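Next come two complexes built around subunit A: one with subunit B, the other with subunit C.
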Partner chain A sequence: MEIIKDTITFMYPDKLVFNDVDVTINKGEIYLLIGRNGTGKSTLLRLLGKIEPYKFKKHLIAEKDISYMPSDLSYYPYMRIIDLLKFYHDTHQNFSLEFAHTYLEEFQLKPNKMIKKLSLGEQKILNYLICLSKEAKLYLIDEPFPYVDLLNDEIFRKMIINKYDEEKTFIIATHQINEFEKLASYCLLIKSPETIECIPTDEIRNSVSLSVEDYFKEVMRDVKGY
Partner chain B sequence: MQIDPNKSIFIQLADFIRFEIYSGKRKPNSRLESIREMAIILEVNPNTIKRVYQVLEEEGLIYCHSTLGYFVCDSEAKIKENKQKYVTEQLKSFITILKNCNVSKEEIKQILGDIHGDY
Partner chain C sequence: MLKVIKYEIRRFLKFYLILLFTCLFFFLVDINRHTVTSYQYQALIIEFITAFLAYYLIIKYIRDEYTDKKYLYIKSSLSPTQVFVGKLLTIIILSCSFLFIMTFFYNLKLYFLYKKHYLDFLRLNLDYTYLALIGREYKEWLYPLHFSLGIIYNTIIFYLMYTIYAKRRMKRYSKLSSIIISYFIPAGIFYVSNYFVKLLDKFFHFLDFSNLTPRVRAFSLREHLINILSINSLIILLVSLVLMVRYITRKRSDNQCEN
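Now for the complex of A and B:
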């Protein structure tokens, strides 16, 4: 079932990001959003998450049911992790403290640690944890992987599968394609401001016998203009 | 199970479970992992597992209990029948290759003799 469908044209004052590009998002799928640097991955997530003002023709998800994880979120440095989680619990509907605490333990983060004492990777993990602790219908996750070690990557993926059900849709923008391609049912490939390809990942493997990562390299090498 | 990222995960996974049932590693009437459990073990999309289970169910190799989950088919005869059908299909396509390459019976005998040790 389609939850978002539109032909998007969007520009910043100095740059045309999308020009009449068709985007369709279906319920209950995990999308891998890929594209070269500066092609508009984050912008697309911000549009879909209703962060940027944009009037969609069809967008069935209410703002309260969207959980968005920006790539560059920062918190007050003097807060402790546990204070931050409590803050989210108090200010957001459907924020599960229980879920957050379970995974804090898995990631071996101490609830009493100050935000300013966290490493880059730990900050990413905290962002991610907060994003997924919210019970939502549409999860938009912007580049979850840099600075995060291999074992924590694994916990990341398990968290998503645990969270997944047929009512939830995930869109994950990342450059580390091979970490996520097994998990994704579709790959959204931003080729140019005019084209976003949406291909089932198994179809890529089946028809051209390439992993999504290799396919991406093949395709983008031929695309000029970035 | 090792997943080859260059091939369809759906096909690999369906074959993997088929082989486990055909070889007797999974016994008749034994419970399969739930869709979520399997997804977490293999770190693949739960929808893919669901599709695999559905296809295996259509083949009659597994069945779905409304509350307890998926189980391997309880009839050994049915499993054997499926196994023979599967192997026959594979051998047929193998024979097509031999025909296309114009391999004589003597050559086949010799090749089979050579690789018999590996089997």
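Now for the complex of A and C:
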């Protein structure tokens, strides 16, 4: 079932990002959003998350049912991790403290640690944890992997599997395709301002002898950043 | 909204306490009764620091909008208006509490002087030091309140200007048109409110408004009134409006919201 469908045209004052490009998002799927630097991955996520003002012809997800993780998120430095979780619990609907605490232990993050003392990787983990602790229908995750170690990558995937059901849709913008390749049902490849290809990952695996990451490396060689 | 206030006050609490205790320390230590000017200027410094605190907080909040902190309240169960009002109240609570605490200790210092060295107290000549309440009638105690009301008023106007600008930019109006509008709406509010002050002064004698006017005069609201009401400034205002009206509705070329 389609939850978002539109032909998007969007530009910043000095740059055309999307020009009459068709975007369709189905319910209950996990999408990988792929593209070269500066092609508009984060912009597309912000548009789909209604953070940039844009009137969609069809967008069935309410504001409160969207959980968005920006690529960078800075918190108030006075806070400890536990304070931050309480802050989200107080100010965001459907934020599950229980879920957050469970995975906090798994990531071996101490609840009393000050946020300003967290490493870049730990901050990224915290962003991801907060995004997934919210009960939502559409999860938009922008670059979850930089600075995160290999073992935590595994937990990232496990969290999505635990969270997933047919009502929830995930869109993950990343350059580390291998990490989510097995989970993703579709890959959205931004080729140019006019083209976003939506390719089922199974199709790539069955038709080409290359891995999904190698396949996209081949395809993206022809795509230039713009 | 209370949640916003709670977290925002906690955010600035450390800075606030350091500022407060530093000021208290220097002001309370400086008790040389022979330096008349120190007593007069201390009241002025309290006013300056209070205004500094209010503007510092506003600048911090405006700066947040241009950093990743803008995402903190995104998709929260609070409406943007609740977050806005919460932040505004935080600014008002912190700056006014600073003013009242400092005024209290300043007057406590004056009280000891009043009791122990009355002649020195008289020599201080604190008639035009509006934060000095010792030796005055209770009615005159409203003067500091005037100052805090002034700060609240300016804070709201200043924050309103920014909000109008930000909202218009969000709706993709051009930068120039947003700046013009964000200046003209508060200018209108200033005009009306100053006129209202004058009307109160003129028609409601029973309020004994003249008692409060020294403080109003100290804000030079009357001077504002004279300037604003003068025909010259009205003409300038009208001409600028006519000249600028073509920019007011100009939108950015990337306006895709109308599809």
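Just so it is clear, the second predicted complex is superposed on the first by the 223 of 226 C-alpha atoms of A that agree within 3 Å, B and C clash if a C-alpha of one lies under 4 Å from a C-alpha of the other, contacts with A are read in each partner's own complex, and residues count from 1 in each chain.
Rule of thumb we're sticking to: contacts are C-beta pairs under 8 Å (C-beta built on N, C-alpha and C of every residue); 3 or more make two chains touch, one makes a residue touch a chain.
The model shown is predicted, which means the values in this text are computed figures rather than measured ones.
Aligning the shared subunit A places subunit B and subunit C next to each other free of steric conflict.
When the two complexes are overlaid on their common chain A, residue A:S67 makes contact with subunit C while staying clear of subunit B. Touch criterion met: A:E154 reaches subunit B, while subunit C stays clear of it.
Of the two partner chains placed by superposition, only subunit C is touched by A:Y12; subunit B is not. Once you line the two complexes up on chain A, you'll see the smallest CA to CA distance from subunit B to subunit C is 27 Å.
In the three-chain superposition model, subunit A touches subunit B and subunit C at no common residue. Touching subunit A in their complex are the following residues of subunit C: 3-4, 7, 10-11, 13-14, 67-69, 71-78, 170-172, 252-254, 256-259. Listed in rising order, the residues of subunit B touching subunit A in the complex are 3, 5-11, 36, 39-40, 42-48.
The touching residues of subunit A, counted against subunit C in their complex, run 9-13, 49, 51, 53-55, 63-64, 66-68, 70, 72-76, 78, 87, 90-93, 134.
On subunit A, the positions that touch subunit B within their shared complex are 28-30, 154, 157-158, 161-162, 164, 178, 181-185, 201-202, 205-206, 209-214.
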